[in-house]
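A, B, C and D label the chains in the order they appear, each numbered from 1.
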Amino acid sequence: MHVDNFAAKPHAASRKEGGRPSGQRPVVIARGVTKTYGRTRALTGVDLEVRAGEVLGLVGHNGAGKSTLMRVLAGLEACDEGTVTVCGRDASSGEAGPRAGDFRGVRMAYQETSLCPDLTIAENIWVSSRHCLPRMGWRRAAGNGARRRLDEMFPGHGVTPGDRVEDLSLAQRQMVEIVRASLVDRLDLLILDEPTESLGPDAARSLYDYVRTLTADGVAVLLISHRIREVLSVADRVAVLRDGAVIAERPASGLGEHDVLALMGAEVAAKTENERVTAEGAAGDRPVLAEMRGTTAPGLRDVSLQVGVGEVVGLAGLAGQGQQEVLERLWRPVRRDTKVRGTRAYVPGDRQRSGVLPLWSVAENLVVSAMRGIARRGLRRPAEERAVVRDWVERLAIRGGPDAAMTDLSGGNQQKVIVARAFASAADLVLLDDPFRGVDVHTKTDLYGLIRQEAAQGRSVVWYSSENAEMAHCDRVYVFRAGRVVAELTGAEISEERIIAVSFAESDGAQNHE
Amino acid sequence: MNIRALVARPWIWGFAAAALVWLMILAISGQGGGQTVSLALSLAPYLVIVGLGQMLVVTAGPGNIDVSVAPIISLAGFVSVLAAFSTGSATVGVLAGVGAGLVIAAISTVAILGLSVPPIIATLAAGLIASSGTLSLANGFSAVPDPGLRSLLNLRPAGIPVLAVAIVVVTVLVIALLRGTTYGRSLIAVGQNRRAAERAGIPVARIIAVTYLASGALAGLTGALLAAYIAPSADLGTRYLLDSVAVVVIGGTLISGGRAVPVGVWGAALFFILLDGLVNLVGWSSAAQNILKGGLVLLVLFLAGGGDRVAGAPSRFRRRPRPAAVTTTTTGENTHG
Amino acid sequence: MSETLVPALLPSRARMRRTAPAVVSAVAMIAMIAVCASLQPDVLSVSGLSLVLSATVPLVIAAQAQMTLMAVGDIDLGIGNFVGLITVITATKLVTDPLVGGLILLGLVASYAVLGVLIHLRKVPSLIATLGASFVWLGLGMFVLPTPGGTTPEWLAAFGMWQPAGFPAPLLPILLVAALVYLLSARSTLGVRMRALGSNPVALERAGLRPLASRAIAYTAAGALGVLSGLVLASQTGGGDVSSASSYTLMTVAAVILGGGSFYGGSAVPWGVVIGGVTLGLVSVVLSLLDVPTNMQSAVQGVIVLAVLAGRVLVGKVLR
Amino acid sequence: AGCGADDSGTSGTSDTAAAQTAGEKPFIALSNGFIGNGWRQTMIAKFEEAAGKAQADGLISKYKVVNAPGENSATEQVAQIKSLLLQKPDALLIDPASPTALKPVIQQACSAGVTVVVFDSAIDSECAYVLQNSFVDWATYAAKPLLEGIGGKGNVIVSRGVVGSQPEAEMLETTKKILGEYPGVKTVATVNGMCDGATAQKAVLGVLSSVPKVDGVVGCGDGYGVAQAFTTAGKPVPAVTFETNGRALNYWKDNKIDNGSVAVMSDPGQSVAALWQALDLLEKRDIPKQMTFPIVLVEQKDRDTWASILKPDEYAAWPWTRELFREQVKAVQTGGAPVQPPIPTAAG
């Protein structure tokens, strides 16, 4: 049963032959599921049904409870009240933990990848799919399975099963995570928690192609994403989660982006994009705050760029084309070819690794950068610090308030704290390393406004984003490919279409991850 | 204060264990309870000073430990006695001891920051270098400790050792340093997540350097005082290595970094000193002494474990399913360079 | 097929970066052997190599024990005294009553496993728990054999004396144990469990594997290797002495680091440990061959360790 | 009497001639298991002094001292002896870290044709020559005069030596036996002083508040620390067993502690005696396999003489010359009274 199943596409266990692929058989049913963490009510009575052969999109603002719900559906956590039925059997009783029997057919690709960085890909596959691997020669079987599935899902992935996960790029890790989840002998439900946040458009497209072949085979897929358009284009149905409860379930076909946004939150401003506060033409005569001249380094080839005072400079292009290297150099200008006048602050995108200080509260996390500026002769001034914290918690509406533990916040709210950390400091130049991954649209709109405001007050921002639409908020955009600046767009030239056009021009093989 | 809250305090265990041992001493000997505490207070400060330095180092995050404290104490003992003897000033002597500690710590610091050597190895090597210094000085050493300093260390008005009071003041200063200065906050941030601290604009290298230098200086101070109190010898510091680490952790400081509990060092130090007294009083052999000491350390540790300590413990001790946060914090650091 | 073969033939940059530390240590080791040989050509003879290497055997095995624990992200500060305790048991109980002695040794392995389980369940730092345990091992050793002495069982003594022709005897246990540990920690699924725990315990739990089991496996393996190290040490010293190996505690950590291991868990470097341990063991040989003044010997030892690690930094810079 | 060394140098020349005719002059190696305390340092210093002189006098071709670094580690010492063997010394002197752990390697050395002299510790080996101080003497000298000094009655604390070592077991037994001879003396506490002032100081301080008035502390040369402990506790210093180093003797002298205190320690000059033994053995002289040399006992009458010549960390050592050594060998062989070497003077 083992190896051969690995090679082929996973099949739903009790697929009705000849039936319509999107049959009505429910795979997982949640009824009145609640879950509280201390004082936080993460889930307040969720009713949800996932049916075989469909893609169910799940959307909701940050902290709505999406990831928590998924952990309950995957059997990783028991719910406080309510029932979870998997393939017709009640699975909500009993202790938490992935029980081999009940939840074996439910697999999940996690928002924060759950791979072991020091292990090879094959070994990681063994960890999660050992039940369907042979005892002897498991390494080869796991490796072959992983390679075949990677080839199917993400052609041109550039990964070999013997690679260690720590040597992979973020996008490659995400690919492996998704493959890891899908490699099993019997798949009923595949949960994808924000799978495309670190994938390039190509990879996302091929992932969704694969998702469709899965559903055609009768597998149910639950897709969580903040990219509403993506959800709408892939999903058959869309469920909207708000404050721990499903408030709407609609077929995707009749739904527009704005309808979903309206369902998700109260006041969706109609002015999401294209409302540019750019001071046109001013870019040229601003004093230069930072510049790079012909920098060539690992990952960079002859990069020259300038950042003016009060300017928002975007770094665009496909993921991993040298943008992060530029940020790195501006953050630590060690060579002479990079000059930065003034102080810097950095907003990491990989918040778990480089953002969160896990033992501290929101307030302590938020003020740690500003603290130095506020302090006098190395002595802190708590009253001033508190004022700053209060100001920012209010300004960004950080859930939980200043005294909440940082690790109790949802991903999006953690990210707000980290953005606030940088802007609360007195830095002249703020470096944004794709910071809005996994942040909901409302928060994003708030943060975009914040960036423009701060720029208007004379701060410079260098902003790398993997979402090209975000670049519309920049004064100037450098588009990167393979470590080179391939275009510099200013003002009205900046548009998603244009950036995509430039990033993909000349070469189709831009997807190779070198 | 309510009992629950008190038990949740990480530093309570050292004091509780100390009190327990004290009661046992009292029950066995039936006399001198006050004096027992007084004498313990005159020995504990030495362990507390090294312990405070070790605590700062441990707080700097996973993998940070200073195993050079023992050789530094021995070296500083000789250096300070020599300096005091040749200048005639005890102050110069103590400062020279501190200086010796700083020099050795500087070697560790250069190795850790410049060569990216893991701290346990860097301080091991620096300690070996210190041992050579000690041996060179010890050969034909002819200075004698300053009698004035010695009587000061022995001063106990109303049974309260002057040194203990001074070190309580030092402890309070360390607490203030950790809470009220940018250095202290930065150190705690670095200890929780070094990468995040670096991205938050904290000068990580400088913080690490200051921390190891502080530990070296405090170990040097211990050496200077111990040499005056006892006598300089090549193995003056030997037993302070394991004990300093042990008191830090029994005191409630997180071994994985990011949380320092200076008060706890006192409790744990008193526990160790009183335990030695108890064992010697009962006349147990070294075998029993070691089994008891180890057994009690394990008992306190396993009893105290779990609770509050874990709330902020490193990845693998974290139960919550939102853990990638801390997981990658520790795993992401494994390239030393 | 070919796509898997090519990367195997040409090591990737990432792989080179990972093996660089052990390679640097290996270069240091070879340099030291060269120095020794130039001062004393006999070093390169079979008997010379046996002399030089034999003392490193127990150290290398103890370092393998340290490595298995470091693979799950723990550190053992009690291994030195544990090895000492084993020599004591070997020199007493194992001689008088092999069955009881063997059972005691098994019991000690089990106690290591229990220690690991407690460390996991009570969520305490291994560093301090093993430190506490080291006092216990020491006490137990003194209890059983207050003064060093005893004899070793005949078979063990015979092993210690074994001098095959044309082959340095100490190499055999070193390589055998390394191969064993390699199979366990790098090739088997048990090894995957252990390293996964050191690497990302959350992933382990999500996949339905108990981290407790991984930790228990690692501690059991470490205990068993500790016993092995103690047996070999006893075969060389011909008796028991609980404090004979106290220096192993830090030396084993240094050996693992020199061999390319890390404190953060997740990696297993059994071959690197061999190199690191032998390199450390050779330092004393070099010191006694070169006429280093008495007082300076420990400083030279420290400087050599730092120099090897500095070389690693250099190589790392080049490879980046 | 202080110029004995010179005499031995000249008298040794005739023997050297013999050695020279026989071939090369010998190469002497010394392996020391531990260098971390004043006694061992004095021992090494005395040896290097004597061996340097012997080399200058043409008695030996060269000498080499190797100290195991770090703690008192038998494993390190085994490794070092093995590498010393590669250098083919003619004689190997060993001050062992552990008396048992070295047995196999000593056997190896013997089979390689090296003359092995073990000193400062008993060792159970057929091929090695052993030169040591009597631990029974040590314990007796430490306890008897002290107990006499306090008038044979009162409370005493016993400070044990390096618990777990062979000598300590022997010494503790002797101490117990002697204490049994004084029924008026009550042992109120037994502490682990490890023969080390610093450790003893802390150990004694730990029990001082819990015991009645103490009249004496029977130790093995840790009296300086013990005295400090009493000072700290604000109690009068009782009769103690001092170290034989300059610091303790001067303290004893300066504070006029005339209450039966003595200073006693084994003789760091053993290394020099072992050197002469090795040379005599290489000349195939008849020397017993086991020899006991006198311990260093400093009574109150000799105290000031010793105190004036010793540095604080330097331990009193008998100035063994080759003559004195041979006299002592004779005394051992005939069972006569042990040689009493002269107390060196400042000039010597």
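Here are a few things to note about the model shown:
Note that contacts are C-beta pairs under 8 Å (C-beta built on N, C-alpha and C of every residue); 3 or more make two chains touch, one makes a residue touch a chain.
All values derive from a computational prediction rather than experimental measurement.
Set side by side, the interfaces A-B and B-C show unequal numbers of C-beta pairs in contact, with more at B-C.
One inter-chain figure worth recording: chain A and chain C are separated by 42 Å, centre to centre, where each centre is the mean of the chain's CA atoms. As a whole-number value, the distance joining the C-alpha centres of chain B and chain C reads 28 Å.
Inter-chain centre distance (chain B to chain D, centres taken as mean C-alpha positions): 35 Å.
For chain B, the set of residues touching two or more other chains reads 128, 131, 135, 139, 285-286, 289, 321, 324, 327-328, 331, 334. Across the assembly, chain C contributes 142, 146, 198-200, 202, 265-267, 294, 297-298, 301, 320 as residues in contact with two or more other chains. Along chain D, residues 35, 69, 71, 163-164 each make contact with two or more other chains. The list of touching chain pairs reads A-B, A-C, B-C, B-D, C-D.
Interface residues of chain B, counted against chain D in their complex, comprise 25, 28-29, 31-32, 35-36, 38-40, 42-43, 128, 131, 135, 138-144, 154, 156, 226, 229-236, 238-239, 273-274, 276-281, 283, 285-286, 289.
Partner chain C is touched in their complex by these residues of chain B: 62-63, 65, 67, 111, 115-118, 120-122, 124-129, 131-133, 135-136, 139, 242, 245-246, 249-250, 255-256, 285-295, 297-298, 301-302, 304-306, 309-310, 313, 315-318, 321, 323-324, 327-328, 330-331, 333-337. Residues of chain D touching chain B in their complex: 35-38, 41, 45, 69, 71, 163-164, 189-192, 196-199, 201-211, 224-225, 228, 231-234, 246-247, 250, 311-314. Across the interface of their complex, chain B is touched by residues 71, 76-77, 110, 112-114, 117-118, 166, 343-346, 348, 350, 352-360, 364, 368-369, 371-372, 375, 378-380, 407-408, 421, 425, 427 of chain A. Against chain C, the residues of chain A that register as touching in their complex are 76, 97-100, 110, 114-119, 123-124, 126-128, 130, 138-139, 160, 162-164, 167, 298.
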